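By written order: A, B, C, D and E. Residues from 1 in each chain.
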Amino acid sequence: MQITPKVKEILSWYEGESPGVKGSLVRLLMHGRLAGSGKLVILPVDQGHEHGPARSFASNPAAYDPHYLYQLALDAGLSGYAAPLGMLEQGADTFAGQLPTILKMNSANSLAAEGADQAVTASVKDALRLGCVGVGFTIYPGSDACYDMMEEIRDIGREAKSHGLISVIWSYPRSGKVSKGAGETALDIVSYAAHMAALLGANIIKVKPPTDKLDLDAAKKVYEAENIDRSTMAARIRHVMQCAFAGKRLVVFSGGEAKDTEGLLNEIRQIRDGGGSGSIIGRNSFRRPKAEALDLLDEVIKIYLNEA
Amino acid sequence: MQITPKVKEILSWYEGESPGVKGSLVRLLMHGRLAGSGKLVILPVDQGHEHGPARSFASNPAAYDPHYLYQLALDAGLSGYAAPLGMLEQGADTFAGQLPTILKMNSANSLAAEGADQAVTASVKDALRLGCVGVGFTIYPGSDACYDMMEEIRDIGREAKSHGLISVIWSYPRSGKVSKGAGETALDIVSYAAHMAALLGANIIKVKPPTDKLDLDAAKKVYEAENIDRSTMAARIRHVMQCAFAGKRLVVFSGGEAKDTEGLLNEIRQIRDGGGSGSIIGRNSFRRPKAEALDLLDEVIKIYLNEA
Amino acid sequence: MQITPKVKEILSWYEGESPGVKGSLVRLLMHGRLAGSGKLVILPVDQGHEHGPARSFASNPAAYDPHYLYQLALDAGLSGYAAPLGMLEQGADTFAGQLPTILKMNSANSLAAEGADQAVTASVKDALRLGCVGVGFTIYPGSDACYDMMEEIRDIGREAKSHGLISVIWSYPRSGKVSKGAGETALDIVSYAAHMAALLGANIIKVKPPTDKLDLDAAKKVYEAENIDRSTMAARIRHVMQCAFAGKRLVVFSGGEAKDTEGLLNEIRQIRDGGGSGSIIGRNSFRRPKAEALDLLDEVIKIYLNEA
Amino acid sequence: MQITPKVKEILSWYEGESPGVKGSLVRLLMHGRLAGSGKLVILPVDQGHEHGPARSFASNPAAYDPHYLYQLALDAGLSGYAAPLGMLEQGADTFAGQLPTILKMNSANSLAAEGADQAVTASVKDALRLGCVGVGFTIYPGSDACYDMMEEIRDIGREAKSHGLISVIWSYPRSGKVSKGAGETALDIVSYAAHMAALLGANIIKVKPPTDKLDLDAAKKVYEAENIDRSTMAARIRHVMQCAFAGKRLVVFSGGEAKDTEGLLNEIRQIRDGGGSGSIIGRNSFRRPKAEALDLLDEVIKIYLNEA
Amino acid sequence: MQITPKVKEILSWYEGESPGVKGSLVRLLMHGRLAGSGKLVILPVDQGHEHGPARSFASNPAAYDPHYLYQLALDAGLSGYAAPLGMLEQGADTFAGQLPTILKMNSANSLAAEGADQAVTASVKDALRLGCVGVGFTIYPGSDACYDMMEEIRDIGREAKSHGLISVIWSYPRSGKVSKGAGETALDIVSYAAHMAALLGANIIKVKPPTDKLDLDAAKKVYEAENIDRSTMAARIRHVMQCAFAGKRLVVFSGGEAKDTEGLLNEIRQIRDGGGSGSIIGRNSFRRPKAEALDLLDEVIKIYLNEA
């Protein structure tokens, strides 16, 4: 398939990157049903490490098998698939070259005490060995570990890019001055998260869909003084995109906790209307029986193709 | 001996690994009385470092001598033997090539204050020099040190595999949000432990046999909502195997604290019935007089051979 | 596009390689009009270094511009494009992700005295930075430099593969015991060249179409005693493929010196009939005006698609 | 299978080596039909690189396929299989763990001009990745390149042993003061070749069966003065073994050029009677149709088992 | 002097070590008046770093001079001398080759706050430069620093052995779960200390003579249940030796705090009767006037020679 003007335009935003990194972006942007549209729908499966396997897969036991997840992403025509080391390895040979993959480099676990941090569980060499297009990394801006995490992604991102891999940052503020719970998805916090990820050199940024809340007092004053529109999800997405270099970074939004289908699709319509680059949908897809998941992902893709 | 279809099938699960790593898996899976069955019974002797020598060997003083332990594993027809550096060295020449060995890379000690951690006491180069088939490493998910431990095994595992050695993870959750004592063997915790080890790239996973308890509230809800069967040990083992990539990772279960023979054998029958890959039996074997230990291990092997 | 059974079969021949290398093979085998057919037509442009620019480009001055060459490969629907460092760099950004590229790592020049050798003019890091799928390297078996060249490709090949790139060897015997001129394309010499490249670990092998001559006396005896069919180009190609691990390596054949179109197409039909993996056509394409070149390449591709 | 007293005795000769190297020796000495006998029959297939593919495989075209060669060694119950990089790779995954393999590290080619040398075409890391028990290396004592070759094997041997791999030296004197042709297999030359390999640290030595000729004048005087028996092949083999540290190194003898079966078997009986450690039989096995090859190898093995 | 059967037997215990390491052991075991007996009396002088110079040397000011200490060890016919970098350097030239020396690699100091740790103050290269037979290292099992210390000795021990030097571990449990003071010399603690040092790969282990106390509750139960004899020092020494790989590691016992001569000699008689490998006597020797020290050491040596 020919590269499209939209993808060409997106590449122009990444002017500082090597042809290798741009080539990896193209591989992602030209794969699946959204190929060429400039939109992305990615399957992420790192919940097993973060929440435990039963909470992740018990509702659809077929998903305990790593091959199922590769196949789901392929059958649904998604743009790519992101997972930790062991999960990618158990399928990397069978599915070699069939699907852009992103190696999730760090992982949280719910057994550890409060302190928000993650272990770096893979290396850039692993990503190359497994044929990935990029590496993914979570940061927790606000947490005590956030400076260390940022320095880890600095090194990993630099090594990845020097080998032609893209860098994806999951930017999830928590603790520190961020109010527990609602604060983590407040508009000022999410847009700040997206901006920091862009500043850290992320090629693709993953954040949560923002609510209309504002969490930091200092921010609140500005949002109100400047009348920043946060009345609809579309407006809020538009603001987040603006905070990602005036929309010149790809920002994908998580589906968040499993929710009802209509709610999810409405949210995605607003992500599209607000100019978001796409969705990264884990639990809402792999926790459903495959037929249901394929139906849902078909709807999601249609939304991004402006067919629904 | 010819490699069996069962071993061939097991190798197919490790599709991401080099021929060297697969060859080491074959050496382990084709040794001893269980050769070719796809089942493993391994003798681990790292309790001396963790609990002290008298608690480990005083009941059967012959076991103070490292040669005794090699010979026990050989005479019993076990699949392999795992121990720390000094203990393997004191016998590695005498028993060279006679028994697959696994170098235990880190060791806890009971003198240190609470914080669960271990010292890395050997290197991958040692494992090669000693002719081992792999390296073993303990992680304590939940502990303050768990992120560091995961990063240590990431580097050790990668170095080991690049030299054709297999990676074995002892995954033992403790502290953090894990309830002290009973929580450590709760079903949700053990299956989570197995899943994390798989995600970290372990070729073989060691966990404790799970009880029917559930420890984390968030997990409890899912286990109950999804009616995950935990009524028998066999059902619980089946769940743990499912959490290890739908049974596509070798998972061996510890014998746990010394217990009466019949209790132990019943547990092992259920491990077998639940599809577990085998047992790793330390204290229950080397703390008994040799004749008793051989009788016990003979029974265990017969169970895995479906002869008892 | 879905990976085809033919491509799956080809991957199975490369069983020793990582998923990363297999993924790069897929990128090449799934690109262009021959995608999925298991056949390859590649544009190589390293003649400028070897023969000087005027001898290479004066007949079609548009080809002095590196962008022209990228575009030619794209417009013709070729599988990929191979060139030295500077030539790939001048276009790598514009064409990022649009075409599989192979970085030619060493280059001869016609100014140096007779001794057949080449300079290594690029690095594996360059190939990664430029987003290539692989590296290419020429060896001159027979030359005084041949042992050094083989040791260079050993190191380059190993580094490339460990980063997920494929290794392509241009195997061109010359000097030493090889008769100058006709000896270099004798059947025994070409098939030996292909076999050595395979033994050196090449993923893709480039040789010249063999004539029915035999050059080495020792070989001649065997070819005659064993009645090895060399009566047609197809028979000779079949023999060369056999010498490449019973056809389990991809072997592409150069177009050789510029020749008349019909002669070239007939040769390519025989390469196809003999089971060759495809063609690597430089001078015969870029030295013609673009329209003629596209017509020619269209014919070539149709032949490999069994449409002509 | 239990390690035998004979193998134990052989290990005692390698007292300077690590348990890892001894373990690899055990793997070789305990494999196949000769397991435990202290004798070795190894299949080497590096003739394709040295003489070209047709001269090597045309008489039995099935042997063009690397899998055929692995399978031949397995079916014949040989001790192991030695081949260059590409040939081992094409089969290493399929046959992982089934057969001890030796990576041939350097390769000659018949296209190069007279100067006897070889290219080092693989690395110790490759041997580990492919799960080999050792590395093999040819030296040409006498050639202009011999000092370089000895220094190459010094480094390769040291790296191999430090990773638990054995070192095998093909010691083939040629050129320099060695008379071309007959001189290369003269008794003084072959025994000198074996001795040098032992001095270079070889664990296993490969030489050609010696004739009763003496090549160097200085040696001739001593052989005659000391009445060294060279009247029969058995006597000559006994002398060669004596020159290999009084028989404390494993020395295997090549089958040499393809010859008639009875001649070959008689020679092997004498190798056995002279105390040789075994044979390394390439062309005489893989150039015959498989059934014939299996019959021949069966006879050879019976000889070493003292059954024929 | 001929190596004795006793020393031969001791070397057989170190089967995993290189000839270089065994050669260093022989140098130590064949020096001084105890040469060949399998017993060792070593002079250690690291108290200056740990307690300050006046506490160490003021009672016998001659000992401020490093040459005095070398000469004392020589004149007394001791097996060897162990000290930190500067102290060995001041004398290494004068006494080159006259006395086996052990470079003490880490040192505590009494100025630092409580946290038990030591600084690594020398390198293996220093030990080679100074002609030492080995390196010494203190660990404090139980302390917060114990994991780090164990990882330091892992690296130092491996480097030392790979250069043919022996590794000596001073294993001194303190803090953590070890009761301050009496706990540090309790039988369960000392035997555990010896066992850990053995597992860490120590060639020679230094511990304190144990009292009949038991410190850890879990250990206490076992000692009582198994009726482990701790009634006499000899019985306790016997138990410690058992915990050092059934007596297959050399364990030497410190003299501990300065005490009266008869008490010290009685303790040493019991160390001998319990099968201990010898003594390492610092303060009790160098703090006395030389004549007294020589008398004392003469008595000690006679005990180990069974002459007193």
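Just so it is clear, a residue touches a chain if its C-beta (ideal position, glycine included) is under 8 Å from a C-beta of that chain, and two chains touch if they have at least 3 such contacts.
Keep in mind that what you see is a predicted model, and the values were worked out from it rather than measured.
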Relative orientation of copies chain C and chain D, as a Cα rotation angle in degrees, nearest 5: 70
Chain whose mean Cα position lies farthest from chain D: A
Relative to chain E, chain with the most remote C-alpha centre: C
B-D against B-E, pair bridged by the larger set of C-beta contacts: B-E
Chain A and chain E, separation of their C-alpha mean positions in angstrom: 58
Averaged-CA centre spacing for the pair chain D and chain B, given as whole angstrom: 40
Chain B-chain E separation of Cα centroids, rounded to whole Å: 36
Distance from the mean Cα position of chain D to that of chain A, given in whole angstrom: 57
Residues within chain C bordering two or more other chains: 16, 18-19
Interfacial residue positions of chain D with respect to chain B in the complex: 1-3, 11, 18-27, 30, 92-93, 96-98, 125, 128-132, 162-164
Chain C contact footprint on chain D (complex, rising order): 48-49, 51-55, 57-59, 61, 64-66, 68, 84-94, 107, 109-113, 115, 117-123, 125-126, 130
Contact set on chain B toward chain A in their complex: 13, 15-17, 141-144, 146-148, 150-151, 154, 158, 173, 175-178, 188-189, 191-192, 194-196, 198-202, 216, 218-219, 222-223, 226, 228, 239, 242-243, 245-246, 248-249
